[in-house]
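Worksheet: the structure to be examined is printed underneath.
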Amino acid sequence: MSLLQKERDVITRNEYADHFDFDEIEDFIRNANKEMFISHHFKKRDRLLVQPRGGFPTYKKMFELYEEFMKADIDVLPLTIDSNTRLNDYAMAKKMLTLSEENEMDMLNGYPLVNHGYRTTRKMMTHFNKPVSLRHGTPDARLLVETALASGIFEIEGGPITYMLPYSKNFPLDKAFLYWKYVDKVCAKYSTLNEPINRESFGPLTATLVPPCIVIVIQLIEMLLSIEEGVKSFSVSFSQNGSMMQDIVTSNVLKKLARKYADMFGGEDAIINLVYHQWMGAFPRDKNLSDSLINTNTIIAAMVRADKIIIKTRDEAFGIPTMQCNAQSVANTKYTLRTLKGLPVVHDAEEEENLELEVRAIMDAVFNDPADTLWRKVFNTIKSGLIDVPFSPHIINNNEVITIRDDSGNIRIIEKGKLPLPDRCFAYEKSKVNLPESQTEVINKIIHDIGAML
Amino acid sequence: MSLLQKERDVITRNEYADHFDFDEIEDFIRNANKEMFISHHFKKRDRLLVQPRGGFPTYKKMFELYEEFMKADIDVLPLTIDSNTRLNDYAMAKKMLTLSEENEMDMLNGYPLVNHGYRTTRKMMTHFNKPVSLRHGTPDARLLVETALASGIFEIEGGPITYMLPYSKNFPLDKAFLYWKYVDKVCAKYSTLNEPINRESFGPLTATLVPPCIVIVIQLIEMLLSIEEGVKSFSVSFSQNGSMMQDIVTSNVLKKLARKYADMFGGEDAIINLVYHQWMGAFPRDKNLSDSLINTNTIIAAMVRADKIIIKTRDEAFGIPTMQCNAQSVANTKYTLRTLKGLPVVHDAEEEENLELEVRAIMDAVFNDPADTLWRKVFNTIKSGLIDVPFSPHIINNNEVITIRDDSGNIRIIEKGKLPLPDRCFAYEKSKVNLPESQTEVINKIIHDIGAML
Amino acid sequence: MKVVTGVVGNDIHVVANRLIDISLQARGFEVFNLGVNTSLEEFIDAVVETDADILLISSLNGEAEGWCRDLQFLRSEYNLKEVIFVIGGNLAVGEAAQSDIVPKYKSYGFDLVFHQIDLNTGLDEIERFVKERV
Amino acid sequence: MKVVTGVVGNDIHVVANRLIDISLQARGFEVFNLGVNTSLEEFIDAVVETDADILLISSLNGEAEGWCRDLQFLRSEYNLKEVIFVIGGNLAVGEAAQSDIVPKYKSYGFDLVFHQIDLNTGLDEIERFVKERV
């Protein structure tokens, strides 16, 4: 038995989980319908795939949600996991699941997949025969991902950085790298059986004034870490910045560099896709305005030529959306994509050059770290603040970078902290904003800029 | 007494209209608040002005509509006229107004301005102190416009072509030219008293597969006819084509040529503005989808850098919208414009060159007509089919031009009828579409293309 | 079979009218299309003149009610009991329910009323109605 | 006055927490910010340790109910009658009305409950409440 398999046995032997029958699972994946693999749909590239978010505690309600989505002609079904499971607190998840089932009231903000187990969940997945995407935010997602893949969920979102820095306060980052290495290994292993399992990184991060250079660097790193383990289908992503031009520039640079770095690091045969997230920050509290924001995002997703869009709902500011509301959002998005024609291809040479220089400078700093493996280099870079995510709750994050919006809505870096930005790039960033005089005014401007879509 | 003034006395002496006191009216306009003039707002050019459509039969309901609009922070108030008044059928309008007032039920699809009279209506206009735009569709709008200006409505939409070919079946076109000459003269006269009265052309025409070259030619002609009479503030307009790129191209060419032709024909001191109409064709019968379409149009209006946008509502497919629905549409549009930042400036050299060549060729044909005045040249050109508007109900229209959409949603000319298009332009148009084999298939494609937003 | 069609009143919405013309012809009807902006009297005259079997009126801009109230009267005046009277399109100002609209127009003397009904659905229904009558 | 604040449970929404920290300091409070992902026991320990006057709990992701049901018990256990217990943010999974939420959380032992209330409005209210208590 291989070392990996031994590890898998230990991981999956958990009092809250199903008993894992790996042979049966391999058989299931080998014979699974290709329709269930998003990588299969990406290959066709005939349209921008639409995916909502959504998870309810009980099997019954989850099933009903999928039924609503199917009526709206959905492309990719989501499975969003509750926040207790995300922090591996299966006991609490179980308690709340029981309460939800007994009281007909949702006591969890997602589907507790581990507690439901793969045998049960697989029934739902094969019933709908659509690609499903696992959305969570879990630093140690090993058991969760094993359960997901065994259930027929063939896209796994997340990564050691993107599911740590925005989603955790003190989970050890070095452990997260190893746990995600495990996830990538398992995904790569199953990828040889049928269509590849798709891995997706979570570009929005904290969704709060994160500058594009940081987003892109982290996207490239997680892509390279996955490719290192043999993953063959990977999605990089980012969310609406607040300036259409900055979205376009981010997309152009991200696409270009993702392909370049993938090829440079042995991923020539890997398929790289682009995912666009509708606005991930604070939503307006008027649902009609939220609808407008959502539609604006759909158009931008088409303009930046994304391969998949992950959508929000008009309930975003209020709480987990109702199924009807969520399905309506899918229908609206599909309508706009169907009727929106003749999109221009846009470039901004100056902005793209500046952003590419910034990204390359940070990537060089990562590669120049003396550690022996990529993940250790990255770990050191984050620890020393060369990578720094604004508004991360995590204790390891440096929290020195400060950003603000310019008049066109672009996010600009006004304090670079320890980011290794070339002087001319930092000068360019600063040249775009008129900084208020007093510190209080700067803080007020930041608060205002966080609420750009209110 | 001048000839014009004699004519005005005759026109305004109508059994259904107020008795006109021209001295008092001049005084009123001379002292009117500048806020009421849209031309004053255009000068500032600090934002894209938002204007809905809207007209109810009774004074009371019209007033309430304006109150709703004001809450939504509207920029320009509309006054849409009912279709009986549009055809000068004041008797029928009066009958239906009385029925509406008695039964608390709307028996008219707009505000019968002539029947209400300017003394009454002016109270409403000065109360709200906003620019108001007169929307009608009347070939002989002389009495209507006199009433409007006397009421404090300082933007007059329409023109001899744009309010004839789409809006009338057999009203004599030559008369329409003379009636609109009158309108322009009166507008020019009042323009010397305070801020200029703005005239606006109606670019959408029949809103049914009208090719951009026809739209632009008619915009330019109506602009020149108004300038000829001394109008100093003029808005050209067009509506969503169905391809974002074609909208951008139309805007770029229309803006460029409007300035060029205005300067060439003595309008160097005239201010020319661009108005964008949200989709004017058939709307989807799902109100959520209509909201999406409306928002898409708002974004395109900003992309094409319009000065004003005229908006639709989610009720469009069903009937005259409720006030609340209409006001919500204003609020949604204002929100999107407020949060939408960083728009790229887009050009397409090849498309723009082709479109400009087409427009210039038709304009040359107009100017080369041997008649002595511009309006007669235009009349002859329309009569002989050198200008031809698809789906016009008017008997004078040639009805030979046939258009269809290409794969990017662009409207392309596949039958040019008598349009004097240069060969290379027509070849370019045809090269963009794969025409179905059979005539039935072509007809089905046209029906399908009319319903592009369904 | 002969059909007189057109759009009633001061209504100039022509697109549906063109499609109806094409569709009726495709279904084998002999079509007399009066186009838009047609008064009730013009319709009746045309029916008499052409000896039509069906009068198919469209209305899109919300005016129909104002124009069609006198239909019952004209119908008996000219003794047109055999002619099938049909109206369709958007038959009210503002949004209105079919359940309100249909009985109202039937009381005005229409045999078939199609408020916000798809054209082909409506034409199918008309053909069924014709068959049943024979 | 001393305030202990933080975000309860497995909730990692940090943006509001940072703003609350800044705003409380601007209003002259001495702030002990435990940050996100804080258990009820940690809050109580911090209140005891710092001898705080106010405990201001945030919850954004809908978890609060699961965590705060034991508050009444802890409150009497540690004899914290003088401390003002405040909770705010988004206090339910899915959309919920204030009229349902406020009494529920008051029954759990909170003095002030702010479901989907603007931060400054809430802090004004807290200051008013403090004044009235003295």
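In this document, chain identifiers A, B, C and D correspond to the written order of the chains, with residue numbering beginning at 1 in each.
Note that in this section contacts are C-beta pairs under 8 Å (C-beta built on N, C-alpha and C of every residue); 3 or more make two chains touch, one makes a residue touch a chain.
For clarity, every value in this text was computed on a predicted model and none was experimentally measured.
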Worksheet item: Hey, if subunit A just vanished and nothing shifted, what pieces would we be looking at?
Response: B, C | D
Worksheet item: What whole-number Å value describes the gap between the mean CA coordinates of subunit C and subunit D?
Response: 68
Worksheet item: Whole-Å distance, subunit A centre to subunit B centre, using C-alpha means?
Response: 46
Worksheet item: When the centre of a chain is set as the mean of its C-alpha atoms, what distance in Å lies between subunit B and subunit C?
Response: 31
Fill in: subunit A-subunit C separation of Cα centroids, rounded to whole Å
57
Worksheet item: Line, ring, star, complete or other: which one describes how these chains touch?
Response: line
Worksheet item: Which chains touch which?
Response: A-B, A-D, B-C
Worksheet item: Which positions of subunit D touch subunit A when the two form their complex?
Response: 9-12, 14-15, 17-19, 22, 35-37, 61-63, 65-66, 90, 92-96, 116
Worksheet item: Which subunit B residues qualify as touching subunit A in the complex?
Response: 242-248, 284, 286, 288-289, 291-293, 295-296, 298-299, 328, 331-333, 335-336, 339-344, 346, 348, 405, 407-410, 452-453
Worksheet item: Which residues of subunit A touch subunit D in their complex?
Response: 83-84, 86-87, 89, 92, 95-96, 106-109, 166-170, 206, 208, 282, 285, 315, 318-322, 391-393, 443, 447, 450
